[in-house]
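Here it is, the structure, as structure tokens.
Each chain gets a letter, A, B, C, D, E, F, G and H, in the order it is written, and its residues are counted from 1.
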Amino acid sequence: MTAIKVGIIMGSQSDWPTMTEAAQMLDALGVAYETRIVSAHRTPDRLWEYGKTAVERGLQVIIAGAGGAAHLPGMMASKTRVPVIGVPVQTRALSGVDSLYSILQMPRGFPVATMAIGAAGAANAGLMAAGILALNDPALAARLDQWRADLSASIPEEPVDD
Amino acid sequence: MTAIKVGIIMGSQSDWPTMTEAAQMLDALGVAYETRIVSAHRTPDRLWEYGKTAVERGLQVIIAGAGGAAHLPGMMASKTRVPVIGVPVQTRALSGVDSLYSILQMPRGFPVATMAIGAAGAANAGLMAAGILALNDPALAARLDQWRADLSASIPEEPVDD
Amino acid sequence: MTAIKVGIIMGSQSDWPTMTEAAQMLDALGVAYETRIVSAHRTPDRLWEYGKTAVERGLQVIIAGAGGAAHLPGMMASKTRVPVIGVPVQTRALSGVDSLYSILQMPRGFPVATMAIGAAGAANAGLMAAGILALNDPALAARLDQWRADLSASIPEEPVDD
Amino acid sequence: MTAIKVGIIMGSQSDWPTMTEAAQMLDALGVAYETRIVSAHRTPDRLWEYGKTAVERGLQVIIAGAGGAAHLPGMMASKTRVPVIGVPVQTRALSGVDSLYSILQMPRGFPVATMAIGAAGAANAGLMAAGILALNDPALAARLDQWRADLSASIPEEPVDD
Amino acid sequence: MTAIKVGIIMGSQSDWPTMTEAAQMLDALGVAYETRIVSAHRTPDRLWEYGKTAVERGLQVIIAGAGGAAHLPGMMASKTRVPVIGVPVQTRALSGVDSLYSILQMPRGFPVATMAIGAAGAANAGLMAAGILALNDPALAARLDQWRADLSASIPEEPVDD
Amino acid sequence: MTAIKVGIIMGSQSDWPTMTEAAQMLDALGVAYETRIVSAHRTPDRLWEYGKTAVERGLQVIIAGAGGAAHLPGMMASKTRVPVIGVPVQTRALSGVDSLYSILQMPRGFPVATMAIGAAGAANAGLMAAGILALNDPALAARLDQWRADLSASIPEEPVDD
Amino acid sequence: MTAIKVGIIMGSQSDWPTMTEAAQMLDALGVAYETRIVSAHRTPDRLWEYGKTAVERGLQVIIAGAGGAAHLPGMMASKTRVPVIGVPVQTRALSGVDSLYSILQMPRGFPVATMAIGAAGAANAGLMAAGILALNDPALAARLDQWRADLSASIPEEPVDD
Amino acid sequence: MTAIKVGIIMGSQSDWPTMTEAAQMLDALGVAYETRIVSAHRTPDRLWEYGKTAVERGLQVIIAGAGGAAHLPGMMASKTRVPVIGVPVQTRALSGVDSLYSILQMPRGFPVATMAIGAAGAANAGLMAAGILALNDPALAARLDQWRADLSASIPEEPVDD
């Protein structure tokens, strides 16, 4: 049985269309993960519990997506030393710049590894998680190398009209 | 003895030069308050405790100042129904726009009464707190009316060269 | 008979699809309110009158929504010491950042409790109003606590595909 | 005696170092003016009175400078059909973008002729006022033409090291 | 015959859906005008000619709309002392902030009376033009007063659901 | 046979709808070019090779379009002294401001001739390339002059309703 | 002997006052590191070599700081699967927003773990690197836990005047 | 005698501290140039003349620097097919973003090769001009190659404390 080393958490169900990109990337790389809705504001005790048990449960990376006043990634980073990767979800009025600033601008002491706004950022969160795990998992490292090589090989020489 | 009804909290000592404006305004209006450093990231349990006991301790307004990924006001709003007034502290690289978005863009369910960036916002937080308390304190209402009248009366008719 | 303690005012009919969120929240919490169109620029005398009579009419909170050069919340704050909650309505070219800055950046003396841009901000304005009234209305406080508890309880553990 | 046709108003004494540029420009062009502090929030009744009497007092242009939630120009435009020129005063945290949006983004019905942020904008407000008056004052038109010709003539052919 | 005192110019045909709002406002107020496409970059000599003859042709206000690197209003202000009102046309990538900065941030010497971005700004340009002409046209002043009174009178007391 | 002097490169197939505007402009001006997908991140060695051989292959201008963290234009400028024209492709969350800053803000030593965001910028990249080649190609200079004259001549005098 | 597992690289000597914060944090946590100047534009081949040998040299984390069109972190992420942490260095005209967008907005395939702008971000980069290494280094994990506990314990209860 | 092929023009004397960087770069590369103050607004006829005679005078590149509503580069591009390189000069309130948008966002037909904001951009304008001239000047190409090689060779391996 593969122990779960990656937790994908998000502030609400509405973040899932973005965060599913992280899950799909981990699927593609053969990395087991769990998904949870953990709202910093609506379920703060769930956040507390998740953070406090992260090390003992064997989590090695937490991917946290949130939008607006996106407090989830930073608060999780406050509760555990497990590396937290933050994904700013795009928002309606401010396009995710609000999410970005809330996640990125953490004070000295509590880093959040911030990804690009939106779906590309979520996919990259999966890749970053895999890259961290690959440091001590040669098989995963090989799969990641292959994924990267395949991506590069997939690029055509010239653009084509649709 | 006057019971303390206003708590002024801030993320770090470095926020005090801004937040002292709120304290001075409450002093001017004869409103008792307490001041605390409550860091959302460095002392999350202190935040939890402060929020959970706010109602029973008799607090009626919490003024929370923070800068950068300013999670303190919003997390406090998550932990108590006592009205939270947020003050975005000005920051170096992003001038406090990061603080503003982190405080302002709260999701449905957890309002933070956001004030202007910086010292003017902190002073206004004191006034807003007084305005809320004045709803049930006629003497304070009279002092607030007087303060407002004095402010208006202090404006000269014409500008003068220095 | 329940006296009206909350006024929801807005700059124009076009703000109503946003501001109705505040009204619906107050309905859900059993708080009586009135709704008025008060345009700072088109009906300044109506604004004056509304502000000057707010205290005597027993209003305890004014929720004011406006877009663009959104002067209504700030001008209302100038005319009455009743706490004013401002809702920046999203705009076409500037996404409501114009509304936000016009409402938020009030000078020392006239606070406006600014909410998030758009519908979430309007709903939160209703909650903030209820939180203020609940300071002296134990039954409302209980309803507000229940509303918050229900919100937290409604969050599922895991996201699901549509 | 020259009747005063231009009013220079500003939200506070602190705007005068900016707005004096407008006054100096009018001095240079031989246009009489008055200066007043009219705070939209602190002296709203003064604003009302100024606006309501502007036509009958013979004002032909009102130059209004303000910073932050700069409501003065727009509220004045609401109270009189005399053309209002707005000058966004530079601010600390937001560099005057807050002033700009509050002045510029007026709704249909109440134009404010917005100038550049800061001192250059104030000087140009003086020029714009002169340009409007010059439409019916040939002598002023001639002085304005001369001022413009002198400005153009003052530009050297090549830059020089200090 | 009514002499044409207002020129509405724009950088391209694509600006017309915005600038027609200025024309319609002038129609409503009974102000005669002409419309021209004058591209600062594509027809600079047309711009030169238009500017140089503006005074002698009896123009009293020029309304200039443009988008992107919107040089038309400012260059026109360079060529004539006739007051120029600038309308920033909304753009695709930058929402008209590019248009706004290009029009607004004129150097000392060449004011452009900048209006709000987009259609509301164009309509207000018409009103501002009328306000300037009304300074010496009592009949127009009366029509403008009436238009403003009608606008104010048209605002309902309460919002209604659609 | 006409030697290829212009290379149009882009970060991915998805940039082609934008970059085809550059190609069409070069077609219109009779300038031969090649098109290549060269991804700074996915095919860095292709970028290296393209840059290192640019001079010897006779390229005189490289037009490079990219979006987001748009490293292609700047990295190409690092690898060759052939002038690089950069086109910021519009992006979803940040409208191409991310692309713009990544392309524009090059350090001393490695200029990228940055064009407007999006399709207009791509078309102008073609024109700029032609302008550079025309310095030593009188026939092309004549065609470019004609193209510019035709553009100016195509502008109607007055706008028309659709 | 402790093998070097962390590389701190930066675009130029001028980035060192910022990036030294990362080094100092690693010093405090007892993590060995190397420092290198690797300019994406001025020494692209050094970047290539550094990236290509990172895995074989045993690097487990690369901290890359850069300002402006900050291509170093993203290009390094293109050349190695070793996790790259990016630090946006504050800049003069754009305050580091240019650096931020260039580092953050990476396309799918090449994540960069972006930190806050400036010195706090650099310090946090050191902490994030330590957090990643601690996943397989219990002694470091204990030191990191202690560092975090010490930080929390250092926060006073109340703010004090200077 | 070396014919002058590069013109460095700027909107005012105050731009010279920035634009001198372009001159110094050309000096270092042995490229002759002229410097002129050409104000789009204050000396439009000088701009016209400069543009109309650029080809016949043998200019091959025009470097144009301006700040604020920076119309000079774009208007020059309208008047001549000689490639125009634009340098956005940093400004007080808007940090040069106003200059940038006014220069960059040119409509289809009139490209301006925009450089980074401020001094680095001015230096790079010199390099870009040299790169264009080097296409037909092998000696200059060699000097430019050497300059680039020297720059790369000057980068130390490791950062040092001051």
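Remarks
As a convention for this text, contacts are C-beta pairs under 8 Å (C-beta built on N, C-alpha and C of every residue); 3 or more make two chains touch, one makes a residue touch a chain.
Labels paired with UniProt names: A, B, C, D, E, F, G, H = N5-carboxyaminoimidazole ribonucleotide mutase.
All values derive from a computational prediction rather than experimental measurement.
Hopping across touching chains, the smallest step count from chain E to chain H is 1.
Equivalent interface to E-H within the set B-D, A-B or D-E: A-B (over half of contact pairs identical by residue number). One simple way to say how far apart two chains are is to compare their mean CA positions; for chain F and chain G this gives 34 Å. Mean C-alpha position of chain F lies 19 Å from that of chain H.
As a whole-number value, the distance joining the C-alpha centres of chain A and chain E reads 50 Å.
Each of the following residues of chain F touches two or more other chains: 12, 42, 68-69, 94-95, 97, 104-107, 109-110, 116-117, 120, 151.
Touching pairs of chains, sorted by label, consist of A-B, A-C, A-F, A-G, B-C, B-D, B-G, C-D, C-E, D-E, D-H, E-F, E-H, F-G, F-H, G-H. Taken in their complex, chain B has these residues touching chain G: 10, 12-13, 15-17, 19-20, 35-37, 39, 42-43, 46, 68-69, 92-95. Residues 11-12, 40-42, 44, 48, 68-69, 71, 74-75, 77-79, 91, 94, 97-98, 101-107, 109-110 of chain E are the ones that touch chain H when the two sit in their complex.
Within the complex formed with chain C, the chain B residues making contact are 60, 81-83, 85, 100, 104-111, 113-117, 119-120, 123-125, 127-128, 131-132, 134-136, 141, 144-145, 148, 151. Of all residues in chain E, only 90, 95-97, 116-118, 120, 151-152, 155-162 touch chain C in the complex they form.
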